[in-house]
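One structure follows; several queries about it will come next.
Chain naming follows the written order as A, B, C and D, and within any one chain the residues start at number 1.
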Amino acid sequence: MSYQDEILPREKVFRDPVHNYIYVQYQVIMDLINTKEFQRLRRIKQLGTTSLTFHGAEHSRFGHSLGVYEITRRICDNFKRNYPTQEPGDGSWDDSERLVALCAALLHDIGHGPYSHTFEHIFHTNHEAITVEILTSPQTEVNQILSRVAPDFPQKVASVIQKTYPNKQVVQMISSQIDADRMDYLLRDAYNTGTKYGTFDLTRILRVMRPYKGGITFEIDGMHAVEDYIMSRFQMYVQIYFHPVSRAMEVILAHLLQRAKELYTSDSPEAAKLNPYLLMPFFHNEFDLDDYLLLDDATMTTYFAQWRSAHDSVLRDLAVRFLDRKPLKSVAFDDETEPLIPKLVELITKAGFDATYYTAINNSYDLPYDAYDPNLKKPMTQIELMQKDGSLVELSTVSSLVSAITGKFSGDQRFFFPREMLLPDSEMIELFEPIYEEFNHYILNDHITNPKES
Amino acid sequence: MSYQDEILPREKVFRDPVHNYIYVQYQVIMDLINTKEFQRLRRIKQLGTTSLTFHGAEHSRFGHSLGVYEITRRICDNFKRNYPTQEPGDGSWDDSERLVALCAALLHDIGHGPYSHTFEHIFHTNHEAITVEILTSPQTEVNQILSRVAPDFPQKVASVIQKTYPNKQVVQMISSQIDADRMDYLLRDAYNTGTKYGTFDLTRILRVMRPYKGGITFEIDGMHAVEDYIMSRFQMYVQIYFHPVSRAMEVILAHLLQRAKELYTSDSPEAAKLNPYLLMPFFHNEFDLDDYLLLDDATMTTYFAQWRSAHDSVLRDLAVRFLDRKPLKSVAFDDETEPLIPKLVELITKAGFDATYYTAINNSYDLPYDAYDPNLKKPMTQIELMQKDGSLVELSTVSSLVSAITGKFSGDQRFFFPREMLLPDSEMIELFEPIYEEFNHYILNDHITNPKES
Amino acid sequence: MSYQDEILPREKVFRDPVHNYIYVQYQVIMDLINTKEFQRLRRIKQLGTTSLTFHGAEHSRFGHSLGVYEITRRICDNFKRNYPTQEPGDGSWDDSERLVALCAALLHDIGHGPYSHTFEHIFHTNHEAITVEILTSPQTEVNQILSRVAPDFPQKVASVIQKTYPNKQVVQMISSQIDADRMDYLLRDAYNTGTKYGTFDLTRILRVMRPYKGGITFEIDGMHAVEDYIMSRFQMYVQIYFHPVSRAMEVILAHLLQRAKELYTSDSPEAAKLNPYLLMPFFHNEFDLDDYLLLDDATMTTYFAQWRSAHDSVLRDLAVRFLDRKPLKSVAFDDETEPLIPKLVELITKAGFDATYYTAINNSYDLPYDAYDPNLKKPMTQIELMQKDGSLVELSTVSSLVSAITGKFSGDQRFFFPREMLLPDSEMIELFEPIYEEFNHYILNDHITNPKES
Amino acid sequence: MSYQDEILPREKVFRDPVHNYIYVQYQVIMDLINTKEFQRLRRIKQLGTTSLTFHGAEHSRFGHSLGVYEITRRICDNFKRNYPTQEPGDGSWDDSERLVALCAALLHDIGHGPYSHTFEHIFHTNHEAITVEILTSPQTEVNQILSRVAPDFPQKVASVIQKTYPNKQVVQMISSQIDADRMDYLLRDAYNTGTKYGTFDLTRILRVMRPYKGGITFEIDGMHAVEDYIMSRFQMYVQIYFHPVSRAMEVILAHLLQRAKELYTSDSPEAAKLNPYLLMPFFHNEFDLDDYLLLDDATMTTYFAQWRSAHDSVLRDLAVRFLDRKPLKSVAFDDETEPLIPKLVELITKAGFDATYYTAINNSYDLPYDAYDPNLKKPMTQIELMQKDGSLVELSTVSSLVSAITGKFSGDQRFFFPREMLLPDSEMIELFEPIYEEFNHYILNDHITNPKES
């Protein structure tokens, strides 16, 4: 029997809190799970700094990746049972696509690094490009296993993730507005944070999902279930993913890595000691895939712990703020109040803070989670519903609920600054009291305000 | 208002997946949660290597500590409402004990280090002693906060954890056969592993729990609820906590740290490079509390990642096995088959493995979780039920279920060895085939067997 | 101690699947639960014919009434703890209102009869008026208990249910857009049907709920939780409460009772036998409260079972259709296609059905569940959010989601007819084939269509 | 295509609170569900008087029957996938047995009447015999459908329920110590009562279940999961099914029917009026299957409501006690205190109660739920575990937990009497005070006691 058809003598299961069990039948899948690249995902938190706001959210990308695999497996089972292809191109499901779909599902996040969003910003990496590199570079264990299926198999799996794979059904399983990835993370993040907003009826969604020539669609009977999923997702974004405290901690993280990069590429005394061995290639912008694969969340916090005794006071202080969870404070602003920010920065500087490291502007748009917006990436993101006569309608044209949030969602813009500006300790008050007072005049009801107008 | 009575202007809540919300009313509690010592618990997994068997079990001691606090708070609320003391020594609840109980609950695990069981074994630390040190040493943030309540308050809280506090009700809330600690971890570990065995009816247990002169007892009406708790706990031990794969990973961890300690305290080439900065004080047995508080799970895996390129092949190989999750295999043995182990060790050595680092005996008794056994620590561990006339009966005398497992549970003894002995790769087979064959004769149905007898 | 302050020696609990436990402290509440009028609610299904669509929905108004009591109790606890009144009229909570609130919550549905909506329509009863009658008539057990609290107490409780009670906080707890009634039934109906749509975060809603001078409001921080509740409610209406099959069964029920009423008030042979003893006063429109209180769901189905052997073929057939669950079929129509209905009725008549009993028009607006529409009953239904400076904003002005469904929801209009028109059995086909064919030309995609246009 | 192979064009689902969805593929199953005999199960409560103790337990046998079907379907799916037969008699699963298994599962309770246990006792019916009659009598809709599959098919299905079907795997799916019936009712009753005791890991049990030549066994790996199921079942019996209040209500029901039977078969004035039309054939012991199939829970309570105005005071009073839920009180007794019961009866009689109708002895053994006891019905009830070498061991020989309750469980014996004996109202106290006092001397801690000894 060829490797790609090798079925485990007995189905293997993983106990999973979200899906109860995850079922593995293929030897290929089992072997991929056991690679060092995949095991590394155990050490990368799914939600980064969000666990500092919602303490339950400590789960890793490992469980999520298994979950995306499991949902994809269930989709394939359903498609095979109910919509098996009769002839090529009939818009039904060709089950010989199953293995490529399962592998792409399992490996879609394999290129993620620690605190990806921030890390990528500072070191100019890209987790999607790295995912492709892991799949296609001969030195990885993942590539060696995929190559045993067929020489062109690694590239096939990569093209699914890159959305260039010709079978759009496979692509949309993994990546579309209602894909296995999103469905798993909403459920998993809701489960682990302990919120209920991410809950939707997965089984029903899977029942009304069906293949067609253009990819994946949903039977119109299931419109309300789809609607409910969209609402759950909306709630998770506004209530969990965009939480100001998590974003404040991400600001600290970014500034800390930025400072370290500056120090370790200069003649600073830091460079000689407290060596962040595994990060050095990144500071010097001379890293390869092996360097990248040695990193995980632990790498960060371990070196941060070393920097608690750093010579540089900014490095030391930011490390402490991150490890001991001392978030910056923030206020919302809009186009009208944005021009007041320089004044606030000026006051913060007067109070003794280096504005480069202690203030920031952060828009929730920037975050690595994309809210529902079918206008942005037209061809892919539309959710189509199939009517009884086979014609398709776009979701927002029939759902007034979805229509209400289509293209309108915007997140918020916030200005971040040291909490000492609001809650100075007694010693600082004596020194800087008029500054704090003035600063507070610019803040009303969690928003920047113009003190002259109020 | 004195610090100890300082109530938050508005009750603060933490969203929690197990208890839904955790409610904080005291400023003291809020301040303790914000200490660096307590925040560090976010970086220490509750279940250590168990997350390598049950991938959902990635939760930290931080959430557990909040959970123990919350259950204790609910116990106090219930006692205050239903059994308020009328005069000293009447066996009812004196609510002025609440704050010491809450602090002890919150901080009972504050001294835990990374992978405590193994770490303590290798470096001769003791997390309970360190807990007391953190509470009572003036340099910790925790101590500074507790001292603000009263000069002797830190010592009081410590004595609850040491079980020497005079009020046995407070002591038993935190530490007895049905205490807030166990109740939280059973529920939390069940939730995160995704198993259902740890589920019991917390609300009902809390309802039938009541104070008496000797500590805490349960109304006899709740006997079956207590029974159900004991059964849940039994199932969690045999199915989760004693899982052979987690124990295999713990063996690797212990051997890896042991090897590193040997290398870094000798003239090995390792000593000069790949410096495990934060571990060095422990290798040289010259650490203080500050050194200890810099450690977390991340410290371990970061240095292990560095050791992937170590010069020493054992160090390198064990680091890879730990990070890439390559557990040792194991078989059970009993008194009769134990004498065969040296023969197995001999074969393993012949196949090229250093038995010191690649074999081990591990009893589940050794694990840091104590199964139900009222005989072991008599005074504390008995569960007493209160009859309607106020007299007490010990649980196992009225429950045939509990009686069945009282003092009988034993766990199992297992011998651990490299999985290559069972599943050698092709190259090794050629070299050592007769050895593998002989080795396999000693193994039957997951147990060591005497090949001469079968 | 006066009766109204009489606290149970030990808090009594009811195990409840939705709230886990329901806690009773007052003797008054316990006594009310034990009245014959309240126990009768065990025999009246919460959702009537919906259990014929969702088989799990067999729960009674008894559990729901306890649930509304429990949520009200939790609201009072929260208000008492966080917003206790300092002086009359300060907009905070006066806990001496607790008992009237609890009693009104518990008894708000006490006047419901079997299949209320249909029954009221046929027999011109009104469950709200009957509720008031039960509270205030001296012969009921409920009145006797309430009167023991104070002579005017029954009337006070009644006025809460009638919304004329002066304290708007109490009124809105029981009856407003987010009241204890709706919150309990959404959760309970979701639990029992097994759907997830009705799930929202009750604990969080209760946390952000607060009293003010005009009644009850919500802190603006909780806006998304309120939004999520509104969405859950919307989903429950469109997916559960308005389900066409349940409405079809209600049509049969109404026609069956109508037919029986006609027969038993005429000289039909039925009148002499198969005596529906307990229904006779209603057929003759000569019933009093005692007659009403003898009725429950069982009364209906027992007499329907007797009518299985009725002389009248319509009575017999409709009884069989109801008991054996043979729903009518239905199609949606709109203003444009409504004029085609007489043609459909004509065809149905030609096929041998008496249109009076075998066809119907049913709008989901008619159903006894009111969807979210702040425009309809302005003063009561607005949900107000309190900003940090104490000012109020109406929900739909700040939530684009809620705004999207405000005043727009419409339900659907359906035409009901015998399923034989679509699925005739072989014998009937021979007789009426052209009629069926013509009938089918008027139906497309679940809607009435104009065959000339398609 | 033959009827037995007729697959629905699209799988039909029923939303179910316990199993989420119930999946129907066969036209036969769909048709059986739509029969009048099966629909009647909607009107028969699964747990009879238990809903008067646990108000959530209002679910009917309809949902349970679907649930047993669904679990059986999952077992068949699992057996087909993992243990397909290769040749007759090899101990593996022959999937041509699927339809008979599914039908037997769905219909196993079809013969149940209202409050079966009591009804059978009073009227000498037997629900198992009636089940067989419904399956095999040509006048039932069920039989007509089964006969379309094959002329001997109704008898085949009946023989599965009678346990005489040759394929023991099929028999044991429906009826053994761990069968689809028990697994569904434990989960469903736990869900609806809101208790957690009945919860066990269904998915895991199904995974370790396997066919063998002698029927069904479980892999030894799953021993703890089976153990956990047994414990759940034990808890459900002692905490839910044997609850004294439910048994007290059952005593009232039995005495009420007994009294009615006596009155309606005598010349009592009752016989002439308040005609319990549908019960009359049973009072006169002249009923046939059609009479039986007209009965449901509603029949009972409707006539009880009529009897509220009965001439006979005992009939009237017992009807009120049942409908208004006024349970008898009870005390436990043992062999030693049993001889005191006549004395108690004497006192009750003196206080004015007819002992025939107002006292009773009830053993929980008598209840229609059999607790785990492999000794009782040897061949069927043993749970066997399969070791890796294929040999079987009986569960209690390897599980000390199960061994602890094997053959030892006994339930309790209780004596039931009017609650007035303990809580007389003021008027009665005056009349009978010395009697009540004496009565109370015989009761201590919920048990009968010998007043001379205490």
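The definition used in the following text is that contacts are C-beta pairs under 8 Å (C-beta built on N, C-alpha and C of every residue); 3 or more make two chains touch, one makes a residue touch a chain.
Since this is a predicted model, take the numbers as computed values, not measurements.
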item	value
Set of chains adjacent to subunit A and to subunit B	C, D
Farthest chain (mean CA position) relative to subunit A	D
Contact-richer chain pair (by C-beta pairs counted) among B-D and B-C	B-D
Subunit B-subunit D separation of Cα centroids, rounded to whole Å	44
Distance from subunit C to subunit B - Cα centre to Cα centre, in angstrom	51
Of all residues in subunit D, the ones touching two or more other chains	20, 195
Residue ranges of subunit C in contact with subunit A within the complex	195-197, 199-201, 224, 227-228, 231, 234-235, 238-239, 387-389, 400-401, 403-405, 408, 445-446
In the complex, subunit B residues that touch subunit C	10-11, 13, 20-21, 82, 203, 207
Subunit D to subunit C touching residues, read off their complex	14-18, 20, 34-36, 39-40, 42-43, 51-52, 54-56, 58-60, 62-63, 66, 191-195, 274-275, 277-278, 294, 296-303, 305-306, 308, 320, 323-325
